[in-house]
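These notes open a run of structures that come right after.
Two complexes, one shared chain (chain A), two partners (chain B, chain C).
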Partner chain A sequence: MSSHPATPAPRIDTLSPAETPEGIVLSLRPAGLVSRTMAFLLDLFIRLILDLVLVMSLGAFGGLGGLGFGLMLIGMFLIEWLYPIAFELGRSGATPGKQAVGLRVVMDTGLPVTPAASVTRNLLRVADFLPLAYAFGIVTMLLNRDCKRLGDLAAGTLVVYAQPVVLHDAPPDAPPLAPARPLSQGEQAAIRSWAGRAKRLTPERFEELAKLAAPALPAEVPGEKPRGASERLLGVAQWLMGKRT
Partner chain B sequence: MTPMHFEATYGPLWEAFAAELALAKLGKSADGALLASQYRRVCEHLALAQSRAYPIHLVARLEALTQDAHQLIYRRQDYGLRQLSRLLRADLPRAVRAQGRFVLAALLLFAVPLVAAFLLAWSGPDFALRMLDASQLRDFEAMYGDGKNVLGRLREAGDDWQMFGVYIFHNVGIGFRCFGAGILAGVGSAFMLLYNGLVIGAVAGHLTRVGLGHNFWPFVATHSAFELTGIVLCGAAGLRMGLGWLAPGRLGRIEALAASARAAVPIVYAAFFLLLVAAAFEAFWSSAAWVAPNVKYGVAAVCWALVVAWLGLMGRHTGRETNHAR
Partner chain C sequence: MRVDGLAIVLRPRSQGEACDLGLALVRSQAASIWRCFTLLLLVVAVLAMCTVELGGIVPILILFWLKPWLDRSLLFVMSRAVFGEATRWSDLWRARRQVFGGQFLRTLLWRRFSPWRAYTQPVEQLEGQRGAARRKRVKLMLNDNRGAATALQVTFAHAEAVLGYALIALVWWFAPENRNAGVWDWFFHPDAHAAGQLGLDIATASAYALVVLFLEPFYVAAGFAMYLNRRVVLEAWDIEQEFRRAFT
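Up next is the complex of A and B:
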């Protein structure tokens, strides 16, 4: 996190910050339309299978007659209305479909979803579905930055990615090198985050970015094998990390 | 303190914390006090790392750790079974009374067209035919007719279960939709209430006019106490939510919607409970032909009184107690 939470700047990412009672800010990552649709389709598939199993198993007991049919309808009722609620209130906070896509339902505050909120957001599927095929839900999701459907808006819930994305590793090892001049905190942070992306940038781009930091690089020692800008900047990054020998 | 020193000093603590979290996540017993104190330490470290602009991989690691722990530590501890009886005895009736104006509005939206349609359909055949198809009316007449295979005759126990399933699937679904439609500024709920009132009134009036009332009224008297109340409550919840959208007052529109949904949900719980009871009565009691109509009317009167008493009276006393406690 590059910006301090106390200074609200216009956000350019989709992160949804939530402050906790401990005084830290959790960056919730709202899930977008595509992953949520995937999760929904998976859940739909699972529900259909469950319905099918129910119909087959209870239909097979022809002798049960009305009892079998009644149990089947009750089962279908439970699957239609309680399937998402039961799973969302469970340990993982997600239906199997959401879990497979790596999503989770939480409150706006980052807390686990409450029973009332889960009931609200799932009963309001009815409104999201209108006029057909979740049209209202999709339009609402595209119109607000947290990608909430009507049910989420009313319940105060968020569908977020359960796992954080890892874009930065520890800087790769290099002999430490003191910078040419004292660096401000911002400059230090920039160099360290540049070094953290060593594995994810092409060497050319990595070198190009390192050249931008040329003024901070120490002069080359005459007589030593000449080293590229990125190699020397990695040394500076290690020095900034606290490596001195 | 350099990032390396920071990581070297506190790394073991983070690892221990992560291991403890993984254990607790699997449902194994973890030391709650230790977990909480470690969590606070890690939060502190995260705040430090953020304010000192430590390397992103370090901050991200702490963020992931705290987010995991946050979900775990603030998890609900019980599944509310103990609360359920409190909910039924006190919280639900209180929540319904708190939204009395919406319940009244929903009642009017439902009962006025019902009574009007009943009177119109009772006085002549025109109105019922305008509301419903002739074939639908014939179906209803056949259902409550004096023949052998109709509702109110003797039937197998298994068929009672079948009807129980049908009523749950169908009626509770209608109730839920009645609530969900309320998010469209309450118009959806109002429409559902009006429409259902008109149809039910027209059918009742028509059946009474053609002289099938002696089959119809004993059948519906008991479960209607729960079912009609359930529909009205669902509609009231929908109206409550629609108002948040329509007239947000001093809140933002989204906040107002969330707040009114919170107020509406207990009413939906109450309605769900009533509709479940209605389905049970409709399947197992209303259809019992061996019970004399007068007995059914008596039970119906008791049931109506129970519903009104539940919604009107229960939870008042405990309400005062908790107010004193506060």
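Up next is the complex of A and C:
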């Protein structure tokens, strides 16, 4: 389609790096507009049901006269404002909606969210839903590279995906083979994840990919029955994982 | 497709995370995206506004209906953006037959109602599949991914509605203190005001055009990134990318 850019610019990714006090860099995976909207809509639905239950139960206690109406308003206020805080400070660090979508709220540093931060980010929802129904929230989530809304920016929190996506299984068994040259860590990781995809790819595609790794492939031993690129690369993968016999 | 030339990092992602990659792509190539899209949308919007006399809602309806066709130019820009290439209006013009012309009826008739058009658009436009081959390919792309593709559509439909209302509401919010009652009255009884019905129709249509201008690139990019992510799952493009970078 086009030529390779002359100076390789950093490639675009969605990760957000966070360095721990021990000097380890964690890669957090911030969640963007689509996942968070889905979580929000689920939470909205749950809050509406809670409100409905509240109204009906107060209605059962002798109508919605002055006191009942007041209690209803207080109850709705509490549901609207305390619902996210209570759940975010719980064990899962996420409201039921976020949990269903596989998200959780953490600090920028990857640590669990603190009470102060949770209160801040949820109080600032007011700023996000100006002028109507989260308009500023949507715009900032689209434009901020960590997909933060204003509340997240103020509180220093991040909404992240809780679980990584894993596409590889246990690699198929093969007699180990030493690679033709020493491999860097990245190359080793690539070969291992290739081996783990064996069950998910067609044999043709699996072989095609193995041929790309030709420089790492050990030469065929003369006299032995010839083995395909994928068979030999599977051997290298086993060797890299520590199998030696 | 030269997978090693991609300006994005491929790795196993959920489809929701893939959408975020699309958003990051738009942010990194914002200049070339809006350089091409603004002019195109401006022409279409001005032509659509000319129909305002037929009925206040007609310009909005025309813009809404033409979105799948507008998306074709955006996907063309995105397909270059994933290689880190900027697009100029002249590049778009050179590819005009392929971008503006192809699959015209399909795009404007039944594709208009597809709940996952952004996700399957690359199959039609970039792979150039036709007939039975395309149906088979789209079915493979949608396997286990219907929910995610619908979520994309639901999200952006909501975002569009919210931002549309918000722009109109901003007029009221930013009106001087003693005038905002008048703005409110203008929304509901336009004929009693100097700007009148025509002014209100033009204002709402412009608000909608602005929302489309802002949101549509994100929508197309998110769908495109989901498409790439699906190919990571089906064809291990992430591994091909790593292998090509390491060994060739």
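The rule is simple: the second predicted complex is superposed on the first by the 198 of 245 C-alpha atoms of A that agree within 3 Å, B and C clash if a C-alpha of one lies under 4 Å from a C-alpha of the other, contacts with A are read in each partner's own complex, and residues count from 1 in each chain.
One rule holds in what follows: contacts are C-beta pairs under 8 Å (C-beta built on N, C-alpha and C of every residue); 3 or more make two chains touch, one makes a residue touch a chain.
Note that the structure is a prediction, hence the values are computed from the model and not measured.
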With both complexes superposed on chain A, which partner does A:Gly156 reach: first (chain B), second (chain C), both or neither?
first
Now for A:Phe69: first (chain B), second (chain C), both, or neither, which partner does it touch?
first
Which of the two partners, first being chain B and second being chain C, lies in contact with A:Val166: first, second, both, or neither?
both
Pick one for A:Val55: touches chain B only (first), chain C only (second), both, or neither.
neither
Touch check for A:Ala86: first (chain B), second (chain C), both, or neither?
neither
Which superposed partner A:Gly186 touches (first chain B, second chain C, both, neither)
both
For A:Ala100, using the defined touch cut-off, is the partner it touches chain B, chain C, both, or neither? Pick first, second, both or neither.
neither
After the superposition on A, what does A:Leu26 contact: first (chain B), second (chain C), both or neither?
first
Kindly classify A:Ile46 by the partners it touches after superposition: chain B alone (first), chain C alone (second), both, or neither?
neither
Counting contacts the way the document defines them, which residues of chain A are shared by the two interfaces, the one with chain B and the one with chain C?
1-2, 4-5, 130, 164, 166-167, 186, 189, 193
Chain C to chain A touching residues, read off their complex:
1-2, 4-9, 12-14, 16-17, 19-21, 23-25, 27-28, 79-80, 83-85, 151-152, 154-155, 158-159, 162-163, 165-166, 169-170, 173, 214, 218, 222, 232-233, 235-236, 238-240, 242-244, 246-248
Please name which positions on chain A make contact with chain C in the complex.
1-5, 9, 11-14, 29-35, 37-38, 41, 101-102, 130-135, 138-139, 142-143, 145, 147, 161, 164-167, 184, 186-187, 189-190, 193-194, 197, 200-201, 205, 209, 212-216
Complex interface listing, chain A residues touching chain B:
1-2, 4-5, 20, 22-27, 64-74, 76-77, 80-81, 89, 91, 93, 106, 110-112, 114-116, 119-120, 123-127, 130, 150, 153-156, 163-164, 166-171, 185-186, 188-189, 192-193, 195-196, 240-243
Which of the residues in chain B end up touching chain A in this complex?
2-5, 25, 27, 39-40, 43, 46-47, 50-57, 59-60, 63-64, 66-67, 70-71, 74-76, 79-80, 156-166, 168-169, 172-173, 176-177, 179-184, 188, 241, 254, 257-258, 261-262, 264-266, 268-269, 283
